[in-house]
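Following are the structures in question.
Both of the next two complexes hold chain A, though its partner changes from chain B to chain C.
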Partner chain A sequence: MRRAALGLAVVLLAGWSLAPAVWQLLTAFKPDDQITRVPTIYLPDPPTTGHFSRLWARKPLAVYLANSLEISASATVLAVFVASLAAAALSRSTAAFRNRILLGLLFLALFPPILLLFPLYEGVRALGWINHPLGLVLPYAALNLPLAVWILESGFRQIPREVDEAAQLDGLGLIARVVRVQAPLAAPSVVTAAILVFIFCWNEFMLALTFMTRDTAKTVTAGIASIGGASIYEIPWGQLSAAVLLATAPLVLLVLAFERRITAGLTRGAVKG
Partner chain B sequence: MDDLRGESITKVFPAGTRALDRVSFTAREGGVLTLLGPSGCGKSTLLRIVAGLESATEGRLFLGGERLDGLPPGQRNVGFVFQNYALYPHMTVEGNLSLAMRAQKVPAQEIASRVRETAEMLGIADLLSRRPAQLSGGQQQRVALGRALVRRPRLYLLDEPLSNLDALLREGTRSELKLLFRRLGATVLYVTHDQAEAMSLSDEVLVLKDGRVRQCAPPLEVYARPADLFTATFVGSPRMSVWCGQCHDGLLHGRGVAVEAPDALRERPRLWVGIRPEHVEVASSPLDGGWEARLDLAEPTGDRLLLTLRVGGESLRALVPPRELAGQIWARVAPERLHWFDGETESRLES
Partner chain C sequence: MSAARGRLLLLAPAALLIGVVVGLPVLRVLQLSFTRVELQQGISEQWAGLELYGRLWQDSRYWTSLGNTSVFTGASVALETALGVAFALVLHQRFRGRGALRAVVLLPWALPTAVMALAWAWIFNDAFGVANDALRRLGVLEHPVAWLGESATAMAVLVLADMWKTTPFVALVVLAGLQGIPESALEAARIDGLTSWQRFRFVVLPLLTPALLVAVVFRAVQAYGAFDLVYVMTGGGPGGSTETVSLYSFQQYFRYLDFGYGSAVATQGVLFALLPLLLLLRWAQRGEVR
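Then we have the complex of A and B:
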């Protein structure tokens, strides 16, 4: 009885979470006249890949995806590297100092990014980075530092102090110790931090839309937003759904590939042992 | 001479604990200096200061003529063996041994030959491709030792390297360590709380208690002429029995027992006397100049019998050849075998 109730709850919750995604999936394969038909047609009949081919012909979606990949990957590497250095230092600090810094970082993370939009825009423009990948890479890396430091610090702190000291005595410098000893030993945390940062960067929309004005500089989120119909009254639902599907697929694959490590990293430090 | 010299080293932790108080010492080149003391005496802190993992609040360190303090740990050229080994779990044995040389950009060929040479010396050559988790405790200990040896440092620092081994393995490894140190002609600073280890391995023993040096001397000297009451009871197994009492009429009066004090000490108001169990002679008939004693406990140790006796109100332990004993017995110690200490300062008094 209890098992049945639990099973039902899981199904309901999964349905609740997945329904919009499933709707997008179905819409991407529906012929245009079935998308807005009343009463609703649930399954595409027959399924069509027409939206994908028309979208591909109209928009440089491959360029958007490549931009997204380049910017997200660069920002992730930068954020995780800098956060690793911070985590290495924090994990060996006194508890009082560490807690003060971590609390400060949490406070920064709670700051609504929209308040940063205008000053960031001024900064990026002054540096001449409008339509340049760096205009997004640096803000993304910075915005994600608090999260990455939080995740990495808990992983680094579990490395025995003596292992780090052995590396010091072996003549490894600060960065060499982080790269060769600490990060590999905290691999689950590093992978978790990297994936979460990557997902955030990939999904980010507001800064991407504001800083990338040229079509070939756009990331996939900003690119999708620019898909319009022949008139403002016509919304090309099918092509939008196809684009969303293409934009989401890499993330889903990424998370599936690292699923185990992510859960290990997120729950790490929750219990001792 | 590449002696390691510490001058008046003091360490005060931020919380105010004085871990080391003006500790001075010299570890001679090619010799083994053991830092011996109970836990919390500051011996590991001193070792960590020499390694550069902690900094002294005051005092100076020299290796040869060169000032050591102020150099970062990686530049001091010391090999350190941690109590818990602190191997790199994500690297193979070979990776563990070679990391320091790789960091220094030593040519790959030389790294390989030195790793092989060290591994062969320690009998771990067939384990080079394993990871620490796949090794037994004894093998891990060798890898930790190898990581220190492979760099051919000027100084070896060992922090209770045998304490995580089981008793059987510990004894064998102790002997191997001694041979190894001699073969390398290495200057060694060795931390232990095990007095037997200190006795067997050291050229000199530095006895520490509460951050202060109690005695620094060759092991047999520490055993024969302990500098104070603490050292006397800490070094030697089974422990020395000590009695305290007032001194008058040339006798030290303990609880229900009197011991004749040497002429030179008769004027002192209070004295401690120490008696090593192995110097006690027992008999089941009265002994000339002996004490009447009651046998409380007899523990066989193999070729010896460890007796716990009651002499008046004092306890006395005796290590004697096995024999039948019961109830009323007599015990005697030659006067020149007695150790005398001041009643107040607890430091050694020569008779």
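Then we have the complex of A and C:
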């Protein structure tokens, strides 16, 4: 009885979590005449890859994906580097100072981005960075910095102080000590922070939509979401589903590979004070 | 160089980055909300005092967006908290394949909201959507529903899509809280003869409250800023019935090019509305430190 209830619950959980994605998968491989059939045909028969090739010809998807990769990876490296320096300092500060800074960062991280959108747009435009990767890299790095500091600080605090002193005696400079000694010792936190920041950058929409106006400068999230939007009725649903799959596939792989690290990072901010 | 000075130097890049990308823009948006910006022959900015805030007061579209945002936030946070606790209770059980299920449950959280909004729009498509087909096969619906074409159902679909995306976050936070509850407390309750519901209600839930409170405030602030889902799925429609404050501000900026008023909407509707919530978070965190 108890086992049956648990089994049912597991099936419901998995079904709820997967159903919308599975429906995209089925639609993406379904021939057009089966997509628009009523009542609905559930399984593609036979499956077709035509939507992918037509979508590929219609939209610069490889460029979108490359842009997303470049921007997200650069922002992640920058955020994790700057956050590592800050985390190293905070992990050796007094508890009162550390908590004040961490709470302040949390406070900043929570504000909805619409508040910053227009001033950032003015700044990016003034610098000539509209359609330039830097226009997103710097904001992304800064907006994800609080999260990265939160995750890294708890890892850095585990490192014994003797390690700092030994590194200092070895003649390593301030930054070298963090990058070459402390960060490797806190590697799990570094990986966690990097994965979370990368996911947030990949998924960001509002700034990408506003700052990247040329089609070849767009990230995959903004590029694909704007295939729909206003012109949603002109795009065949099969191609749209194929696009959704392409934009989400890298994230599915990340989750499958790093579920434990992601969970650890997500709960770090919320559960520990 | 003293250790304290070294620490300050290490904090400097982070402070600079946040100062430039967050600090200055917040000041600028506040300033703009008191400014009349005109676009004839270049941009001219004039101090407008509280004029734009006065305009907000009389702008029914603004109040509608504030109401929509509140309904969306209240409904999605309440529902995903309840669902998240249920998920966590299942994931806390011991069974084969628990690790795999955790990865599966986490998946919706990691997928881009703006892209999945397209997926939801397709699922709830009026003519060919699978939602209508499934509900008709189950006998729940007699006729297909134009989900995104009616105010109430459009809002319900948005809330559902938001729940799907963010329940994993609540579930994982609650799960971490559950794992922190000492086995001895549950054992004692069992010996005292409490039923499993009583154990949940009087032992587990009180111990979960701090984690739950933090998760709820986190989610409430995020839901309040909702933009991606609404922009892609409904564009604020039908008839402005799902327009959130973020979307309205965005429209003022980039559709009507009213930079001052867009800033007033963002400042009043987001900054001032959220400060109380954030103070609540601070209070919740403090409660936990004790």
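Observations on the structure shown:
Note that in this section the second predicted complex is superposed on the first by the 242 of 273 C-alpha atoms of A that agree within 3 Å, B and C clash if a C-alpha of one lies under 4 Å from a C-alpha of the other, contacts with A are read in each partner's own complex, and residues count from 1 in each chain.
We adopt the following convention: a residue touches a chain if its C-beta (ideal position, glycine included) is under 8 Å from a C-beta of that chain, and two chains touch if they have at least 3 such contacts.
The shown structure was predicted, so the numbers you read here are calculated from the model rather than taken from an experiment.
Taken together in the superposed arrangement on chain A, chain B and chain C fit without clashing. Chain B and chain C, viewed from the C-alpha centre of chain A in the overlaid structures, lie at an angle of 100 degrees when rounded to the nearest 10. Of the two partner chains, chain B is the only one that A:P160 touches; chain C does not reach it. With both structures placed on the common chain, the touch criterion links A:L18 to chain C but leaves chain B unconnected. Looking at the superposition, the partner that touches the larger set of chain A residues, chain B or chain C, turns out to be C.
In the superposition on chain A, A:A57 contacts neither chain B nor chain C.
Of the two partner chains, chain C is the only one that A:A89 touches; chain B does not reach it.
Per the superposed model, the minimal spacing between any CA atom of chain B and any CA atom of chain C is 6 Å. When both complexes are aligned on chain A by C-alpha atoms, no chain A residue touches chain B in the first and chain C in the second.
Residues 1, 3, 6-11, 13-14, 17-18, 20-22, 24-26, 28-29, 32, 87, 90-91, 93, 95, 97, 99, 101-123, 125, 127-128, 130, 133-134, 136-137, 164, 168-169, 172-173, 175-177, 180, 211, 214-215, 218, 221-222, 224-225, 227-228, 231-232, 235, 245-246, 249-250, 253-254, 259, 262-263, 266-267, 270-271, 274, 278, 281-282, 285-286, 288-289 of chain C are the ones that touch chain A when the two sit in their complex. Of all residues in chain A, those touching chain B in their complex are 160, 162-163, 165-173, 176, 180-181, 184-185, 187.
Of all residues in chain A, only 6, 9-10, 13-14, 16-18, 20-21, 23-24, 27, 35-40, 42, 82-83, 85-86, 88-90, 92-93, 99, 101, 103, 105-108, 110-123, 138-139, 141-143, 145-146, 149, 174-175, 178, 199, 202-203, 205-206, 209-210, 221-222, 224-225, 227-230, 232, 237, 240-241, 243-244, 247-248, 251-252, 254-256, 259, 262-263, 266-267, 269-271, 273 touch chain C in the complex they form. Contact residues on chain B toward chain A in their complex (touch as defined above): 51-53, 72-76, 78-80, 82, 84, 86-90, 99-100, 103-104, 147, 151.
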